[in-house]
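Look for subunit A in each of the two complexes below; its partner is subunit B in the first and subunit C in the second.
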Partner chain A sequence: MPEVNTPLGGLLDGPPRVVTAGVELFETTLAAQGVEVVPVDWRPPVDGLAEEVARIVADPRTEEANRTALERITAAEPRWVGITTAREAVGIETGQFLHAGPPITWERASGPLRGALIGAMLYEGMAETPEEAERLGASGTLELAPCHSQAAVGPMAGVVSPSMPMFAVENGAFGNTAYCTLNEGLGKVLRYGAYAPEVIERLRWMQEVLGPAMDAAVRQVDSLDLRAMIVQAIQMGDELHNRNRAASALFVREVVPPLLEAGIDPSDLADVVRFINGNEHFFLNLGMPAAKSSLDPARDLPGCSVIVAMARNGTDFGIQVSGTGDRWFTAPASVPDGLYLGDYGYDDANPDIGDSTIMETGGIGGFVMAAAPAIVRFVGGQAADALDATREMYGITLGEHPHFQIPILEFRGSPVGIDVTRVVRTGTVPAVNTGIAGKVAGTGQVGAGLVTPPMEVFTQAVRALAASAESGR
Partner chain B sequence: MVDHLEVRPGAYADSVSLMQVSRRVSDVSGVIAALVAMGTELNLDVLAGMGFDPPDAGTGDLVVAIRADDPDAVDAALDELTAALAASSGGAATASFGDAPPPRTVRDAAVFGGDLALISTPGDSAYVEALDALRAGLHVMVFSDNVPVEQEVALKQEADERGLLVMGPDAGTAIVGGVGLGFANVVAPGPVGLVAASGTGAQHLTCLLDDAGVGVSHVLGVGGRDLKATVGGRSTRQALHALDADPATDLIVLLSKPPDEAVAAEVRELAAELTTPVVFGLLGPTEGDLTAVADTVISELGRAAPPWASWGERPASGAEDREPGGDRLVGLFSGGTLCSEALIIAQATLGEVRSNVTGDPDLKLTDEVTAPGHVLIDLGEDEHTRGRPHPMIDQQLRLERLAAEAAAPTTRVLLLDVVLGHGAHPDPAGELAPAIAAALAAAEQQGRPLDVVVSLCGTAGDPQDRDTQARVLAEAGAYVAASNADAARTAVAVIA
Partner chain C sequence: MPEVNTPLGGLLDGPPRVVTAGVELFETTLAAQGVEVVPVDWRPPVDGLAEEVARIVADPRTEEANRTALERITAAEPRWVGITTAREAVGIETGQFLHAGPPITWERASGPLRGALIGAMLYEGMAETPEEAERLGASGTLELAPCHSQAAVGPMAGVVSPSMPMFAVENGAFGNTAYCTLNEGLGKVLRYGAYAPEVIERLRWMQEVLGPAMDAAVRQVDSLDLRAMIVQAIQMGDELHNRNRAASALFVREVVPPLLEAGIDPSDLADVVRFINGNEHFFLNLGMPAAKSSLDPARDLPGCSVIVAMARNGTDFGIQVSGTGDRWFTAPASVPDGLYLGDYGYDDANPDIGDSTIMETGGIGGFVMAAAPAIVRFVGGQAADALDATREMYGITLGEHPHFQIPILEFRGSPVGIDVTRVVRTGTVPAVNTGIAGKVAGTGQVGAGLVTPPMEVFTQAVRALAASAESGR
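So, the complex of A and B:
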């Protein structure tokens, strides 16, 4: 564009407004001249990774790849389309299990993950007693793989065995599907590592009654628009990770009419409705595959520095970055900072566990804390802390979600598309909300709170991305 | 041990608040365990797990269970419960819903509005922050040094595509729209626009012009490498176009060391196409010095250059009545271009001069702060500013060197520069004058001659007030010159 009369966009026409980064002296001298100054609260990249960050930013593919990733994530149209068994959905057979987080072995698995595997073995009829199941687990014959490797996600232990029913969530914009098991409720449940007889009994009921009923219901309406429900729930005070109260209520409202029309046995129907209605986290297992299906199209873009998965297996916290493919960057998971149920305390808590951080990865969960101020009390915070948490996340993300709007921030879109280079540049880690599992297998949930992801996973990813960067022009 | 169990029907609070209340009650001294929760099935199970007999309570009822060492502890716990429930029902907020957290990167600062970003981070981060600025539509001045040249090229290409200007890297000075950026002197507005590949060079030239009553429209710093073949004069060309179109600029000065030949040819070609006349202020052994450039500019405007100001007594030329004593010239500079200019002048008369800014490998100093024979050191160079502020801001190192060199019996004349303006030390003369006076007194006591010459780069409008600074230095016994070339020639003449 020719700029005949306004060279440099009018830079020379008057005193410039100046952004300063670095030496504070210059901020001071500009302010003394009466200039409008916006100072950057600048600090060196974590771990001295300046050169690595520069190499990634200079990679000629990165800017475009990041733009593509953000466009794809925010253009997603997740819809619940049906219920399918894990055997069909994620292609596992008896003896094969999926679990939350990065890859792990039985030896390194924490209490809740082992407990959930024991429960799953009992449920699949691979063992008669917990002791037998434990021996089987320790024998090293189980085939374990991350949910994320099979387009699935699982809350807490995230254990998926072949007979379990799974929600199928299709991303209408890209045609990919993501899967997640159905939520069992709170307390002693498999995903928190409980495997008592009532846990297994509930799983059987979910397989035989709940799953088919839900499938019949969704067939009545073809599919359910999950994005629309997430949008509404955020405006109703959910952040959709630790608080799914509004979303679950909205889901009941949507699903009950088709359930009633689906010709389900009346006594089952009552149980199904009571079960869904009595679980305010029921929607979590739909929100998670919705986020997963939205993020998967952003995977494997060469040069892309966007995080496509954050997940924990109870031992390690791991992330995957678009530009580095399926590679996991892991570090020891920490114990969440939170509030505990009853007389449980910090010493009873297991390190961070679950794929539910897919919510934060997709710009929900801790990233929309501002929309869910009730949540901050998990850490003894105040409502203003919720605003700060969300506002800090804009500093590590590429953009704002056009649909997930936060009323109290004047309907600003949620921060979305975590750029791993910005995590390292700012020293700000993603804000993550989570439930807390007991560390002893079979305990169940002991609390809920906030977790601080280990910085090491982000620095590892930056090093790897820098090593594979193409040199600039 | 005492158990307290009560049900408060209809006293609803959300579970998150109640978990917090439970924790406060549990923390009361003497309390073994406590649960304050709504009577949900889950909570009643938890209660049973704690060894309480589950009461008859529904989901709308508040259950309070306290196990304590004694009844007093139960009472204390119940008091705490009352306080905690009151606090959880609101009104306790002290934090405000105030401003967003401070931006941590240039991208996030640019959201608040800006025309230009001034980057002075360590060099290894400057590229990334500058790119943030360009992508947010901001012009950039990169003050940082140690930026790899390929990053400079990449930034300037990106800027070119976006119609933005990159000043620097290693741009110490700019004046844009009357605003001094980095180190800059307070000069009157006027017809001369500068495109400068040298920071202190631009400062010195604008100060001399200001002294002569010639004002400045803008100073656009382009960085010392812009006119080298690798960078190809990208910023220089953009700056020339901008000043050509700027109605306030009647004369453009391009201030630089001699550029690479191919780049020079291109720039000359461009200059010829512009409607605004361009003066080439080239600095080098065969070209000229800053004072000569100022003279040219002033005469181009049809005026006469004034005699350049000086204060104190000019030391006598030493050729005729040489006293016994030292014979070394020692220069301690804070401005790179001022040091280079002094070096060129000194070499012409004295021959061998060791320096960290010389191009002669045999005479090149690296980390050393002194050497035998004549030495001119730029204390603002990287090797002397690592882990230490620039000498324009902090004179610690220079004061140490000044004392040491003045005490050396071989030293005959000390040459210093003092740079004033925005960003510079608030009172350099206040620190230097006592050191100069002490050095001269010590030399006199030892019966050896010593002269101190100061090149003072500043204007009447500078925050430090140049005339006051000059007087203080002159009263301490220094000869102070507004022209760096004058100062250098005077110092050289003492021993020539």
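So, the complex of A and C:
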């Protein structure tokens, strides 16, 4: 029989292959008759959005735009190229601050975000006391903007003020740069809303000693390949959001030799090495701008349904989608479900906060939990849950990352390129694991766990994308 | 019904519990009738050794001795305490050499062992040229002894000469110390039988610069906890025999701060850091004496069937068992089955060589491959094989290590305490993964893979242990 070049050509040439969805009985009955069955995990789209999803899928631009987005995200070559100040990097002046998550005002800001802003005002010399800073905040004169609006990302409160040193991470494949402050370590730190004198003193040391030393080190070697470190760290049990132990150790290995050769004052050198060394999350603030710089080239593609940012400000959870530009889709952030430190418990926890969900957006973090089963001792659950989390994410993503391979899944690439229509169609939200901030300003970290993003942000995005969809034919 | 204090008391009080072995039909039939079934993986003992095995099991000393051995091995607290010279550490003088594996003569020595001995003679100034050294070797005047006879271990050829610096690793729980030379890095190195001028020059630099620097560093902190590093590295994808990436990175993190504070000449310091940093196997030479120091307290327990050493000299594979003292049971070593570097192949490979099987003996290496699925890219096979290798080892070991936990197996402890009677009863030999040396002296490493220890060494040991067994009652 000759091949027929119609969409139905060949349908009846061979034995039937059946795709089953829903009721399992269909699948098992067919399989018992020797029919090849391909079960798919299909559920009706949530919230009656079948029409919107159909309109996006029928948009003639979508398939190509999504392919382009996936190609750009996975072709990224993030490299650490230097240290710069926030003033230079993201163009902010005294009185202007960046913060994590979607836009927010002082009035709606949660405890940790207000605490971090108070600390940043003290650090910048805008106020002498926390009370004075708080009055200034409440006066409505501070200018606040999301980190994401300035090619930056910030963990937890994510507050950036003009004098802070920032990592500059360049995406070698596309030439764009992303920025992030340096990690302060654990305990009482600004990003968890603490603003005690020791916090401000540490920020000044970071500005005066750590930042210049790190910059001198990277200048010795021109740049450091962050993708290579992420690739290795995933094979060493990190998921690079809550577990950065391997990546931080690999970073120490890379940075110590150039630090030794950079002509730094010996006593500063010992302090710098001890500081970096003493912090297993030091790499997080490099991993985040690495992911941000990888995702930014996938922005603003008309018709594209790929999520390019997920971020929380401690009050709202927000996402941005390539095809809808800089628009944020937001809903109330929930409190993560996890394990608490010491005597802390659920009642001490702030709702979800931070730009660190950029890791999951880039196919890392919760999406590679299968590679990091030890993380369950930190966020709760069983090792099997870590495997399941990754496996489930293949259902809402466009592809597999060619470099971020997961050994235990026989080196399958990590699920990457979250398609907002697949989230809505399957009812599966992105798997996110995160640190938990205390809700009272100045408390610090109270735990770590898994968070369930609100489905509403995805349905809003689908409605907006559908409204801008072009007609299929 | 009152409890009856006889061995059969209670047997008929409750529903039957049946242990099944062999034909699966028994198990499934009983299970179908609701009977609780405990299937065990039982095969008839290999080689007609049922009587010998029975005699060992009936020895009234064995159960208690095995329990003691397991307790001692798992209670070990190996710490790196200093650098010493081989002359001091293992009491050898010019003309005396230690080597890997069971005892051997120059005549029976393989290419890499002869090459390493030639290199050591050049390094010690016993000969001016390789030819002269070879004649000296062939003259039969060298005194050779196994590393294991002097509380030492050596990777690959494992040659130790008097001037070499050695790591001293103390088992804090028992006070005994084990020794190992420092890792030379990759490429042309003595342990793979290379003896070119660059090899000898590197050995001198290790003696004059690296050794003293490392000693000065550890003196700053008194000692470094190796068990803690091994515990962490297993959770970071190392199995610590062929994959030491995490452990080496963790070691760099620990050793660099005291190195900076040890008052070392700055240019030497940079060289030392670069050398340690540039070698992902640097930790192997600390992991090996850590395992050796953990196993030695389990030696010489009458009736004990636990293997306390497995080692190869490139010609023979040998084991030592606690209950039979220092006696070696040997058989010809086989060529590992694995992946080859560059253009090398099976025909270039030397039979199995090195004391590094001390890792498997201590419940690490091939026994924790499930924790290190990325290793299959280096030794061959699939990630699933790595899981299987570990699972199978539970069948020949006495217990699970309380500290060496494997996250992907829901934090189950590594299989530890190899019982030679279980090896013979089950026909399962220890899973070993190893580097592969070129068979021509001076070639270096040609690959890495899995090796099958010869069953004969285990049957010999069982015969010897049975011959010394005391009667049951």
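Heads up, the rule we're going with is that the second predicted complex is superposed on the first by the 443 of 473 C-alpha atoms of A that agree within 3 Å, B and C clash if a C-alpha of one lies under 4 Å from a C-alpha of the other, contacts with A are read in each partner's own complex, and residues count from 1 in each chain.
Keep this in mind: a contact is a pair of C-beta atoms (placed from the backbone, for glycine too) under 8 Å apart; a residue touches a chain by one contact, two chains touch by 3 or more.
This one's a predicted model, so the numbers in the text were calculated from it and none came from an experiment.
Trainee: Looking at the overlay, what does A:180 touch: subunit B (first), subunit C (second), both, or neither?
Mentor: It touches nothing on subunit B or subunit C.
Trainee: Determine, under the contact definition given at the top, whether A:331 touches first (subunit B), second (subunit C), both, or neither.
Mentor: A:331 sits against neither subunit B nor subunit C.
Trainee: Of the two partner chains, subunit B (first) and subunit C (second), which one does A:383 touch, if any: first, second, both, or neither?
Mentor: After superposition on chain A, A:383 lies in contact with both partners, subunit B and subunit C.
Trainee: Hey, is it subunit B or subunit C that touches more of subunit A?
Mentor: Touching more residues of subunit A than the other partner does is B.
Trainee: Would you sort A:53 into first (subunit B), second (subunit C), both or neither based on which partner it touches?
Mentor: first
Trainee: Now for A:342: first (subunit B), second (subunit C), both, or neither, which partner does it touch?
Mentor: first
Trainee: For A:235, using the defined touch cut-off, is the partner it touches subunit B, subunit C, both, or neither? Pick first, second, both or neither.
Mentor: Only subunit C is touched by A:235; subunit B is not.
Trainee: With the two complexes superposed on chain A, say which partner A:168 touches: subunit B (first), subunit C (second), both, or neither.
Mentor: neither
Trainee: With the two complexes superposed on chain A, say which partner A:374 touches: subunit B (first), subunit C (second), both, or neither.
Mentor: Both: A:374 reaches subunit B and subunit C.
Trainee: With the two structures laid over each other on chain A, which partner does A:395 touch: subunit B (first), subunit C (second), both, or neither?
Mentor: Only subunit B; A:395 stays clear of subunit C.
Trainee: Based on the A-chain superposition described above, do subunit B and subunit C contact any of the same residues on subunit A, and if so which?
Mentor: Residues 374, 377, 382-384 of subunit A touch both subunit B and subunit C.
Trainee: Quick one: in the complex, what on subunit A touches subunit B?
Mentor: The touching residues are 1, 3-9, 11-23, 25-26, 29-30, 32-33, 35-36, 38-45, 50-51, 53-54, 57-58, 63, 186-188, 339-343, 374-375, 377-378, 380, 382-385, 387-388, 391-392, 394-395, 421-422, 425-428, 447-448, 472-473.
Trainee: Quick one: in the complex, what on subunit B touches subunit A?
Mentor: Answer in residue numbers: 14, 16-17, 19-20, 22-23, 26, 33-35, 41-43, 45-47, 49-50, 88, 92-98, 100-106, 108-110, 112-122, 124-125, 127-129, 131, 133, 135, 137-139, 143-144, 150-151, 154, 157, 163-165, 176-182, 217-218, 238, 241-246, 248, 393, 422-423, 463.
Trainee: Of all residues in subunit C, which touch subunit A in the complex?
Mentor: For subunit C paired with subunit A, touching residues are 232, 235-238, 245-246, 249-250, 252-253, 256-257, 260-261, 266, 269-270, 273-274, 277, 373-374, 376-377, 382-384, 407-411.
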